[in-house]
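The structure under discussion appears below in the form of structure tokens.
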């Protein structure tokens, strides 16, 4: 940049603005590239979530534990694909740049965390930890592609409750679905309580808590409907499920 | 109220709610009465403002100082009328009640302060002080009908700038209007600066500052238009005014 | 503005600012307590009736600790300025009222009166003008309890408790009858009261499901009511 | 959530909260300074050209006192986290930039460059990653100057100074030409840039009034420009 | 503008203000009455069929007292100005229509026609131009009745009355068929009519539950309908 | 709902639809006429005073043709339903009022009263309840005339007519004084009235220019080559 | 603007207006037909399976009469302007698609493909650019069918048909699997698709009730007096 | 839904996404060009008439380069889908139309017709259905020219050109008269047309200023017009 302190003619103003243009264009181009990558991550993550839903509904015959492990295994390849996208974004996010472009990367990152935590739940029946998410975003030497913010971690998890609601409702009238729904119900109830403590610090989370509350009520209502219906009969629930399956297949 | 701690039947619940009903009705009725009084104050105050505008435009022939004193004198009776309305509200606003109903009284109170400060400006060319306003709201023994909040004081003054703008624009092309406009211009400019420091503490004031800024610009534009037009001529402005008056009256 | 006026304004402003800061501190504390209470009471939806007493017991000390906060607040507020500042702690207070009412309902099945709630939260009648429990805040707490109970009716059935919905139904209908006697203005309270009908509908549907299937021994309760 | 995870989250959260509190304190200070500056510069509209230098002189020390604030901020912000926190002081910074630019224009008639503004406000290049003056904030300051100058053009004429509008017109048109070279996104900067045309129109109308009436000796200025 | 012209216009403007105040007063009264009616009719959901007549009897005098209000309104409104003011009491009127229709349905199982409702509320045809019952308000009342009956179907079953849902189902389907022949504009009425399908669905589900369990002797009702 | 009830209601709804369609048609016609009037009256700004009578003459038949439209409207609107439909033609009516008032001012220099405007537009007092000219619409027309006259003051001077601005100035001040005695609510009318001061200011500026150019020596126009 | 230019543009604008009017007319017609279809198809919920064919037969001619409307529309729309006007009839078209699909399902148990629906409604592929059946509208129709079938599952049982729910269950699951393979954007279609799970849940509940009532011993219905 | 059906629909949905991406790219290009044009044309306000031709010459190549963009767009859009996508480039197109019209006015003083603008921008009539210049977009461009000319009238006077405002006044009045003959709907175009009166007022005031000071030889222009 020129060393003059004060510009006093159009001839001196224009070159300075030309430099601004270069800076802004550079910034906007990088931003666009990152937004595009983030969008790709979002799309892939959505597909993983879809795939997970499909596996667990299709393989309803298998034992519960197996399905979870099976689903997580089949998703692993897709996750590796997404992680390589993050690796590709790394050079654009070095140093102070990450803090600058974080909000542009967030949408994809959060959708990824949603998918990853969904797979994790199906396999382990537990909530993926902050460290585990950060680890999934590291190269082979264990160096992070970029730091994980608390906000992205929490907002990704908050969306997880919506997917768990879909999962619970879709499986509830299948064999063993009652137990799944009941597990999901208490899991989501705990998530909601855990997040509640953090809402004062994250505005977005506060908004998403309403959605989580709605999802929880939907799961509760579904669990209730099944409980009410089975309580009319003396047989154990599993056997009732088998009787129904028999009618539908005949 | 009954001394039972816990109500466990409809027969015990209803009487308690009956008491709530009485309380709420009492509160709402008082609120309505105060809102009505406040509305009366607003209407009377608006009329005073109108009257002041009319006096200063009609009496444009008189000397500047005289008009101000004259206008303030003619408004005095109206102000006494308004003050007696405040005196009538006093019993409804004793003790903690003032803080409860303050927002219902505010609209009228602020309009009153707007009118009072307008008359004060016309007479003294200065800003009425907090103590002066509070004094105007006291009985003959000097006891306040109710405490004056800072917010009401400031918001009333903020509206004053709008009236001053009307006053300046209406008088600008009359004899001596240029000087009036110029006085008002620097007065409003100072008000705006004084209020600016207080905006962090009063949300409403923050909003009204925009209106004040607009009023200020309107006065500036009007003063500018006159300045530009007279600068084409060599005669002193007063004489130019007389020449114009001559054309119009002929 | 002349110097004297500026000084007057500044002195008022500074005093108010100081009060505000002090209240804010207390509200932060208050919020922590009610958040803890909400966390504990959130567990009622997965707690079987036999374990309910233990759960309620764990809420009691937190509820009582609110008394320190109300005392601190009463200390800060100048005489007669209650209504000027109350919006600052209003939400926390309503949450505390909610907790007190819900604990009592689950304990005894009854509704804690306003003075009883005030006492639970340590609000003293001699603080009048500085700190009190207005009817409005009490009623907000009552409505929150109804919101929560409509969810509890559902979850109790899931846990195999077919009595709870019927008890809830009677309790809530009494409250609703009480509310419908009030002449509410078009404010938040009115909107929340209007929304109560969704909760009542939901509870009615649960009672319907239970009655239809004759799941509860007492599902014939309405007859009992007729003989009142 | 397991205990370890909760602890991890809490430790991150606490650290961030502390930083936020510290920044807030500095921003409050910063705001006071820029508010004082705005108060002083507000007087340009009623100050005749011969008294302008004295007015500007009174703004200088306040402007320089901003250096303490920027140094304090640079101290608080962790390495590489500049962009995470910058929204907190962004407005104060833009106001300070505005003041620095306006003082310089009224002094020399020229535009202070970005590095020169940074220097005025004591922002050091070695703070990169913790505190810097981004182009965006500099440009916001420039636009605010144009907004102010369109008012000054009007008020200068009222005070009998017919030269100022013409100087302002040339200065602002140069800036506008610069701005129109930028590819702005659809953001605040873009919207404010779009609104510049109203300021320019207003200034043009003032210059028109002055030229039409041949009030300024130099109102033939456009011809000079032609020979560029 | 001459003095006379000004006074003429001013008297017109002032008269309007006065009318508005008077109507407001009556609407407050009207609201109290319809609120009492709603309170009474809310009890249908916990009232067994044998006690229904007594309940309805208690609603009648309140319903009839609405005639005083309509007469007072008709007195206030200047000839020809019905449409200028009607929005002020529209909501109260719709609530009164709802009450009149619901009382009649529970009494006789039939639907009161528009003129019959007008008569119940004391609205006289000679008031035409000052006060009338527009078709739109009548239809709003009808829709509100359907909303209420879907809730009643549920609660009737809880109270052991398995006939009521089936009667309601027939009544509501008939109304719905009637509505679907009207040429409604795309307004609130249309939207509320569209939402009726949720009520019908709910009622059908209750009938389903009852039929599935063969709780009602007449649960084969559709066959009976075929032979009507 | 029995067939008869449905048919009754449907016939009411259909009748309304038909009325709406018919009014729309008339409003389209009305709009065409007022657009033509606006087109003709727009020419006043480039018409010298000696040709003004001819221009006004060409507007008269169009103005009078509005009577057919008002008669057609009065025919369509059922007794008492004026207020139900008036918003549909409100804008067209205000434009017609504006035209009638402007034509009269340019012809005689006076202000047509409300009844006189109604007569010009063929609105008969016996239509009361079906079609009338409300004070509000009359006043809107008056304000539009003032807006137009501030433009005319400027253009008259361009055309060399230095008397018109002075006549306008007197007329408009009179109107403004009249308006200031009305008790206007805080609505559109009030806002439009408040903006009149800018029109008055503009007119006063023209008067100022014209007066001084006749009487005062100008210093800054050395090139002045005219010899008035 | 020369006369020719104005006329040219006016003729374009007028042509558009005329097209809009003509389309509106056809849409009104189209709406009448789809309303009739909805009216007929609403009766499936109270029609026993043996009378279903007769009911469907009565819908066919109305469905076929839609071809006149589509032909009329295709006639009105200028080549290439399909996308300009399609929102005007979009809703009517989706209703017609719904009717075509529902009639076919109730007749053959199968899903009509997009081209088959287009054919049923008389939409010809050579009209491309003027009138077509976009995928989006087809899918909206499909979702509406699922909504309707969840209601039918309930009502079929009430009418004693225990097979229909099972058939519906298989059909709907198949559709849902198909939908889940589409790449839908985040729009209305996506939202409606997401809500399908509630319809599926409802249908599954009916299947559950029906299956168990046939096969499982019920403990809680001691009064059960039927002997299936 | 069978696999084939699903794939068919999916391919339709995917194709749309791809088209959208391609159009976006072209619009970005288009925007750059129109921004450059705006930048160049902004200089008319400080350019003396003798240098105007050179300035216009520099705009021509950029204007012509728009043809590549329109050709690229026409290539992307499938036959018949013009109206589906046109909103994407609408703004850019209107800016280009504005530039073409302004260049022509400053060159020849005339108004380019719609087909002439289309030709300038390389839009071929055989693209009908894929890319065209709708009347609406042309008219938006015309209005933007008027907005710009009201500013030019002011600046021309500043530059000592007293003829330009008078030429502009005649041109704009002509356009306005043309517009007032169009049957515009109540849309953006109508609103922008209504706002033209402010531009005309401004231009009239400039002409007034010039006439009053008799600065332009032809300031008696209206007389000349009368004899046209």
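Each chain gets a letter, A, B, C, D, E, F, G and H, in the order it is written, and its residues are counted from 1.
The definition used in the following text is that a contact is a pair of C-beta atoms (placed from the backbone, for glycine too) under 8 Å apart; a residue touches a chain by one contact, two chains touch by 3 or more.
Given the structure is predicted, the values throughout are model-derived calculations rather than measurements.
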item	value
Intersection of contact partners for subunit A and subunit D	none
Identified repeat of the A-D interface (over half of residue pairs identical), from B-C, A-G or B-F	B-C
Higher-contact pair (C-beta pairs counted), A-G versus D-H	A-G
Far-end chain from subunit H, centres as C-alpha averages	C
Subunit B and subunit C, separation of their C-alpha mean positions in angstrom	41
Inter-chain centre distance, subunit E versus subunit F - centres from mean C-alpha coordinates, in Å	45
Rounded Å distance, subunit D centre to subunit F centre (Cα mean)	48
Length of the line joining the C-alpha centres of subunit A and subunit F, rounded to whole Å	63
Residue list for subunit F, restricted to those that touch at least two other chains	209, 220-221
Sequence positions of subunit B contacting 2 or more other chains	231-232
Subunit E - residues contacting subunit G, complex	173, 176-177, 180, 201, 204-205, 207-208, 211-214, 219-220, 222, 225
Touching residues (chain side subunit C, partner subunit B) in the complex	1-2, 4-6, 8-9, 12-13, 16-17, 80-84, 104, 108-116, 128-129, 135, 139, 173-175, 177-179, 181-185, 228
Subunit E to subunit C touching residues, read off their complex	32, 35, 38-39, 42, 45-46, 48, 51, 151, 154-155, 157-160, 206, 209-210, 213, 215
Interface residues, subunit B side, partner subunit C - complex	1-2, 4-10, 13-14, 16-18, 20-21, 23-25, 28, 95-96, 98-102, 126-127, 129-131, 150, 190, 194, 198, 201
In the complex with subunit C, residue positions of subunit A that touch it	182, 185-186, 189, 192-193, 196-197, 200, 217, 220-221, 223-224, 227-228, 231-232
